[in-house]
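In what follows, chain A forms one complex with chain B and a second complex with chain C.
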Partner chain A sequence: MFKLALKNTLFYKGRSIATAILTFVSTMLFILFISLQDGSHNSMLENSLKIYTGAIEIYRKDYRDVGGNEYLIEDAKAITDKLAKIDAIEAFSTRYETYGLFSSKEYSAASMVAGIEPNKEKVLSSLGSALKEGRFLDENIGNCIYMGAELVKKLKLGIDDEVAFVGGASDDSFAADIFKLCGVFKTGLFEFDSSASFVSRSYLDELMHAKNKASYITIKLKNINDAEKVNSEIIKILGDKELESLTWKTLMKSMVEAMEIDAIFGYISLSLFLVVIFFVIMIYGFINISSRIKEFGVLRSIGLSKKNIFLLLFYEIFILSTISVILATPIAAYICYYYHINPVVIEGIADMYKDYGVVSDEIPFNFDIFTIFWNVTIVYMLNFLSILYPYLYINSFKPIEATRHV
Partner chain B sequence: MYKLILKMAWKNSFIRLSRTLLVIIMIAVSMSMMLGIQGIYDGMVNNMVDKNKRSDSGDISIFAKDYRVNRDLIYRVKNAHEIKDEIQKMDGVEAVALRLRAEGLLSTARKSSFALVIGIDLKEEERFGKFSEFLKEGAIDLQKQGAIIGIELAKTLKVRVGSKVIFSTQDGSGEINSIALYIRAIVQTTNIALDNSAIFIDIDQLHKFLGTASTEATQIAVRGDGLYDKLKAKYPNLDVKSFLELQPMIKQMQDLMVIFNSVTFFIVMSVVFVGIFGVMYVSILDRIREFGIMLSVGMHYKYIRLQIFFEALFVGLIGYLSGAVLGAVILIYLKNHGIDLSSFSDALEMWGYESTIHGTIKISYFTTTFASIITASILSILIPLRKIKKLNPIEVIKADK
Partner chain C sequence: MIKLQGVNKYFFKGEPREVHALRDINLTIEEGEFTLFSGASGCGKTTLLNVIGALDSCESGKIFLDEKEISSLDEDARTTLRLNELGFVFQAYNLVPVLSVEENIGFIMRLRGFSDEEIRRRVLEVATLLKIEDKLKSLPNTLSGGQQQRVAVARAVAAKPKIILADEPTANLDSNNSQILMNMMRELNEKEGVSILFASHDELIMRSVRRVITLNDGAVIDDYKQ
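Up next is the complex of A and B:
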């Protein structure tokens, strides 16, 4: 039956070429589209995770929902001692965050001030590498402040300039101090660069009465794909119902949802192409079958069953689909791989979409064998589906009737 | 004669009913899907443009020179009321609104965040952009230190209607000043900048708080068409900006949408063309003896050409009409009911969209599709017609089927 199918595909050249070309186009389109979509989503998530948010963060319950000093973690060391025992954790650090007003000689602006452990942050986040001017913090750098570029612009500050701060301390008292601008960072995340500043924890703890307290503890994992597993382990080892440990999927819920919506609209657009191509493949298959009714009548009359006829049609579409997929997949996979290593650069896109959290002009493709595999599987399935109607049509004829068909 | 040709073309179009129906279904399904996708994408961008114009920039906004670069209160338009009166007298002006803005820190007892206080006149804003339509919760009221807060800022600070907040900023004389405000309403403008950071208060109250003169403003927003050049010429010492100059991202979104829709349209129509071509080609080849006989009994080639032309036209037209009806139903549904994506509301609000996305309907969707489908149908018969033109009637009649 396979041999007969092979001969048929070679004999009916018009149908074979049209089907093969359309399958080739849909395979390429499908693989490249999904790769680009997944790649840009992964890149947005990775960039956001790299900048400041941890793969896992530990909070005292209600800190995120209600907020306030009574929901600070009171004994941060007890928790970090436990975290040190978990192998899958690459690094962790405590952070203390508060808000206040900064005033330079002429200008004022509101900002978040976070007390960080500079040496640990170098491993945990890209704060250190986002340095644009001056220097990053170290543990004993005193009243040095590390500010976002947009905030510095707003306050019209220069390196080594002094800036006054007024805010609230961890005991609800007023806290005021004068900081010296030591470094300026630019992550590309517009909102973050215009509203965040950092001070070494050792100095800020004194000012805010926040020794051993923390707003939260941020964690970097050796492998981010283990986040759920490690999170369960953390919850177990902490054994404290007053604490909550959350993975990046919860911490960045809005962004994860945004990616899902974008993917839904992407699939809707893609489905339009696939549906049209499916119809055309089916039409060509149907035209081909219509012109071979007599042939099928003869085949049925000499003893071939309906199952054999189905097998014949199946082999024909299988041969055509396989030829196209074998040609299209390596080309598409290579393009995905190439642009995965060398992302497409669209100058100015990060600046244009800064409000949407786009921090880079680079748009990488995603190269994932499993994704390519399921893309190809769907193309195969659509092609197999396209023979169903022609098969039902041919079966509507009785063998004798079919042999007489004109 | 023409009546007979039309009759023959109509009958021949349906001689292979299944085949013709498949082509009609293909055209109808692809066309309706394409219309639906175009409608929903355009609807998303149009909604964003409309809400941004109504809540903030209008069609044109006027600022003091350097305000947009420095965002500082010292760069304010001194004679804003006078300018407003002048603009209102101009032809084509629909509404004018004055606004005063200052950046600062908004705090509750537990949380603080960067915020932008905007002084507005509610009656003016209602005329300008139907401000009350942005209401999500509470009542639009700015009396007795009342304030209206953007939805995302309310989420950040965990405030509700009735909450008390403190706004601190540098006033007009450079001193740090604070004001207690009571949240009366939460609004969603779907303008990301406003939803994320704006708190609206009465403009007179803000003037008093900031120590600025009541005749001043940081922004004069204007609604109306064809005013840009006139205003730019009239106020050379001010910064006059059109909506798209203020929102380059929306301009790029619109451009991207046009490119995306055009590419989609081109690809889909090309594939549809391949489908129609296949059916027409086989349909003509099937009847090659018939055409041979017609030629040999003296029928002129131009009549056969006309018959085939009508056949293609009928199939294309029926496909188009089915697609147009189906597409119109989808578009009307999308326009009236929209797609409910409230399970993704967090993300949509973060990106400046409403949780129910409504489509839009443009006549151009139907006219361009009509032109493309009819063109594809006519083009699909060119090659088969050439084949018939080269026919030798005697040879064809003699040939086996």
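Up next is the complex of A and C:
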């Protein structure tokens, strides 16, 4: 039956070429589209995770919803000692965040100020590498402040300028100081660059009476894909119902939702395209089979079962699909790999999608063999489905009717 | 042996244009017969052949093939019956265009699971008998009508069916090729012992067969041996 199917695909050239080309095009586009979509989502995610948000963060319950000093972690060291025992964690750091008013000579602006551990942040986030001007924080230099470029612009500050700060300390008293602008960072995330500033944790602890306290503890994992598993382990180890450990999926809920919505619209567009391809392949198959009704009638008359006829059609589409997939997959995979290494540059895209964590005009493709494999599987499935209606159509004829079909 | 008991067949039953295609057919055809269903166009000879060949069903009556009732079989069982017990020769040859002569002749044997060696040996044997052994590698569309019909006969006979049903096998052939084909089919009937039933109004076939069953308006009106 396979040999007959092979000969049929060579004999009915028009249908074979049309089906092979359509399958080739749909395989290529499917792989490239999914690769681009996954690549852009991964890029958004990686950028956001790199910049500031951790793969996992530990909070005291209600800190994120209510906020305030009463929801600070009171004994950060007790938690970090436990975290140090988890192998899957690459690095962690405590952060203390508060809000206050900054004033330069002429301008004032409200901003978040966070106490960070500069050396640990170099491993945890890309804050240090986002340096635009000046220098990054140093544990030993106290009243240095590291500010977002948009905030600096708002306050009209220059490197080494002084800026006054007034805010609330962790014991609800007033805290005030004059910081010197040591460095300016630019992540590309407008909101972040216009409302965030950082001071060395040891210095800020003194100012805010926040020693061993933390707004939260941020964690970087060796493998981001282990987030859920490690999070469960952390929850188990902490064993404190007053604490909550959250993965990036919860921490960046709006981004995850935006990516999911984007993916849904992407899949809808792709599905419409694939449906069109599916129907074109099916119609070509149907036209071909309609012209072969008599042939199928003869085959049925001399003893081919319905199962044999199905196998014949199945082998025909299998041969055509396999040829197309064998040609299309390496080409598409190579393109994905090439643009994974050398990302596509779409000018202005970072500006357009800056709210969603797109910080660069470069969109890398995702190169993942498993994803390519399931893309190819779907193309195969669609092609196999395309023979169902023609098969049912053939079987609607009695063998003797089919042999008389003109 | 084929036995028909009170077989009736209608087309468009219950409609104003209803046709009573077969009327109370009672027949017995013994093993190894070389028989013709004859009659004018529309008399029911092809319908009778199709009903015997499990290609069509009948509304009433029973058909037995070697004591086994075949008229009540479902579609799958009919297909199996056609594959294992029957051979067909059609007016328009109906060869598989993409397969060579050799592959066409061995096609049914392959479906029935014969070994490659058995198929090769039998194909050569039958092709030699039908004088097409030099055409085994050719495609059907490169052969003459007479040669194509011989390939169709070879395909029908190769898997050694009990009965071969031939519907107007000479209709597309000239008299010379028709004579050659009938001589060969008679030889097959005698050498292989296979029963061959024809549906035709060709005088040549009528002269060649040993039994003629004449139909008129769906009923058997004459049945004689010669």
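Details
We adopt the following convention: the second predicted complex is superposed on the first by the 403 of 406 C-alpha atoms of A that agree within 3 Å, B and C clash if a C-alpha of one lies under 4 Å from a C-alpha of the other, contacts with A are read in each partner's own complex, and residues count from 1 in each chain.
By our rule, a contact is a pair of C-beta atoms (placed from the backbone, for glycine too) under 8 Å apart; a residue touches a chain by one contact, two chains touch by 3 or more.
As the structure is a prediction and not an experimental result, all values here were calculated from the model.
When the two complexes are overlaid on their common chain A, residue A:Asn308 makes contact with chain C while staying clear of chain B. Of the two partner chains, neither chain B nor chain C is touched by A:Trp374.
By the touch criterion defined above, A:Ile283 lies against chain B but remains apart from chain C after alignment on the C-alpha atoms of chain A.
By the document's definition of touching, of the two partners only chain B reaches A:Met255; chain C does not. In the overlay built on the shared chain, the residue A:Leu10 is in contact with chain C alone; chain B does not reach it.
When the two complexes are overlaid on their common chain A, residue A:Glu295 makes contact with chain C while staying clear of chain B. Ranking chain B and chain C by residues of chain A touched puts B first. In the superposed model, A:Thr403 makes contact with chain C only, not with chain B.
The part of chain A that touches chain B in the complex is made up of residues 18, 22, 65-69, 98-101, 103, 106-112, 154, 166-168, 191, 194-195, 253-258, 260-261, 265, 268-269, 271-273, 275-277, 279-280, 282-284, 286-287, 290-291, 352-353, 355-356, 389, 393, 406.
Those residues of chain C that touch chain A in the shared complex are 50, 55-56, 75-76, 79-80, 82-84, 86-88, 90, 94, 96-99, 103, 107-108, 111-112, 155-156.
Those residues of chain A that touch chain C in the complex are listed here as 3-4, 7-8, 10-11, 294-295, 298-306, 308, 398-400, 403. For chain B in complex with chain A, the residues that touch the partner chain are 16, 18-19, 22-23, 25-26, 29-30, 33-34, 37, 41, 71-72, 103-115, 158, 168-170, 174, 176, 192-193, 196, 248-249, 252, 260, 264, 267-268, 271-272, 274-275, 278-279, 282, 286, 341, 344, 346-348, 350-352, 401.
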